[in-house]
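Just so it is clear, A, B and C label the chains in written order, and each chain counts residues from 1 on its own.
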């Protein structure tokens, strides 16, 4: 395997269901051993993209390359290396042990099954002699999802695709799932592609975040995407009322549910505007994240209940230190808003 | 029955796979399968190649139990196993025409003669007879006791007494229809005192008994009915002995010229045996409630 | 009415004393229904799987036809099978008339629509998530098919039991094609018909109860297997 070959490359992909276009990606590359997050509202195509990358379905048009080879469902080159964890916990009608060892048996990989099953279950915090024999109907939702993850981790896959892994489970299970996934990346170099609404976690761990909307990919983590619905406010301008009764203003949207990509260009201690089309919002710093590759520090500032992400260089950060909980103002310009 | 070698191997393999244990589920399932196979194959393989003769006869003949009585004797004498299926006369003749049986034993002489004339049957030989009787409630509301058959039928019609008919185109049914004609009466097809049961003789008798009515039956079945009810039947014999009430039984070999595959040699062995003195004597000895059911009359 | 009570006692008596005719009928019934169920499952489950799994034009009409065929009267099937198996018919050379394999052919025709229809339903009600789960573990087409089949086992079993019930209790085919020959093709159901025709209602009830006992034993072992697996 050449080191510079992306583990996934998508070209000219279009996917439709019943004649309706649900996903359109012109070009996408995913580097091996990276962690990629997918963010977007329901129906934006995240699950579809994960299913296509997971070789569950074949794209209506276009190609997907894995390690440089064109692949599709049942491809021998990829099916043992790629695995997808769906959103709803689902186990086959058999015991926990048989569920976890199923994939290993498919690969005719039967040495020390018991040891490897226990190893995988301990990664999700479920290793116990009693638990291993439980039938599929005797598990809670969280336990089932952890078992499902263990079944996939046991395969030591090159790629682990997670579709909202923490959405349908309890908090404790969610935590274990997150930790187990990251360990796979650390210990095995597994590429992770995660779709989630837990944007805080994604911002914390991901090397790159893709925003999906209406089946298209936009932007990277440095931009903030805000969704509708938009209303015409009393002042005659368009925007959204935030939870703290501030108004998030936007230029007149192409339709009520469009998404706006906002580029915050200034953080300041006090409210001020330089141009008539500037908007200034008060928010609270909620998170500081270091992007390891670039050394950038990303600050998440929550105004109302909308997270705005601003990237600062080390120098900028040292000039104005921020800490979580600090009230701060952000400024953006209406002229520089993109609609999608 | 000793276990065949095949079964032994199958069961041995199953036991081994159960012992192996590691594929526990597959072992159990294959054990069940092997057992099931053994049950199915066992009798089939163990049965040696025997000589079998296939016969079609009527339900009334079968119901008397005569064949259950004669078949073992036939096997003893010739080593041939007699298998028979009992249906209505019409179907029995059809089975012969279709070459599905080797020999027939029926009791409908006009139809039989047509059968032989059409080339479906060969070597028709009369073997025994019994007679038909009219039975009815002991109280005899239509007052037919002791009358001739012609007068009896006319009384039944006049009194509109309940009468159960076979109504199934069997030998008995055809006989009954001929009796109405012989009495210069139209067959009372649509009358509501005339019940066409479409079923076997014993069932028809039972229906007549339920309705407190009359019916025509062969004496053999009547004796069986009497026997079933422990010698105390609700319907008694009221009209008998008329010469038209004769019920002649014959055997017919299915014609090998029409049906080349038929086992004509075995059929002829049967016909020769049943018309022979030993079998004829055994027919005479066949009794129910101490009364003989048939009178042998094979021509020497 | 007494014959029902008589029949009950007669049934116990027949079974305990090892009545040869009764046990012959039992063995014949078990053998022929095993042949029929075996062949209808082997043929019917894959066909039902295809009907439920794939989308193709004509799927709905075929499904309707299969559902309609579930209600074929047994005497009608018996008559059709006789027409083929009779010595003057197209399959006469195989001498299948009045034999157990002949009856089994008819009973397979009886059971097939039930097996196909209920298997198709079982596959259709299979969760989509199952497909995703199996494929994401790296299964190829064959493994996907076999595992899906195993996962639907409970619903498929229900179809098999329904077919089995229909086959065990039919008279029309056994009578027409088997000929009700004592010791050879006399099943419990044809024996019941015979005894009832002879007016021996008590015996008919007795045999009916014997049949019920067999059916109960079979269903009991099936439910044991169900819980086990």
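Assume a residue touches a chain if its C-beta (ideal position, glycine included) is under 8 Å from a C-beta of that chain, and two chains touch if they have at least 3 such contacts.
Predicted model only: the values in this text are computed from it and were never measured.
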item: Shortest chain-hopping distance from chain A out to chain B; value: 2
item: By mean Cα position, the chain sitting nearest the middle; value: C
item: Inter-centroid spacing, chain B versus chain A (mean Cα positions, whole Å); value: 82
item: Distance between chain centroids, defined by C-alpha means - chain A, chain C (Å); value: 53
item: Chain B and chain C, separation of their C-alpha mean positions in angstrom; value: 29
item: Chain C to chain B touching residues, read off their complex; value: 27, 30-31, 34-35, 38, 86-89, 92, 97-98, 179-182, 184, 196-200, 229
item: Of all residues in chain C, those that touch chain A in their complex; value: 127, 129-141, 143, 147, 151, 153-154
item: Sites on chain A touched by chain C in the complex; value: 51, 54-56, 73-74, 76, 79-80, 82-86, 88, 90-93, 102-103, 106-107, 148, 151-152, 155
item: Touching residues (chain side chain B, partner chain C) in the complex; value: 25, 36, 39-40, 43, 54, 59, 63, 68, 83-87, 98-100, 199-200, 202-203, 205-206, 224-225, 228, 259, 261
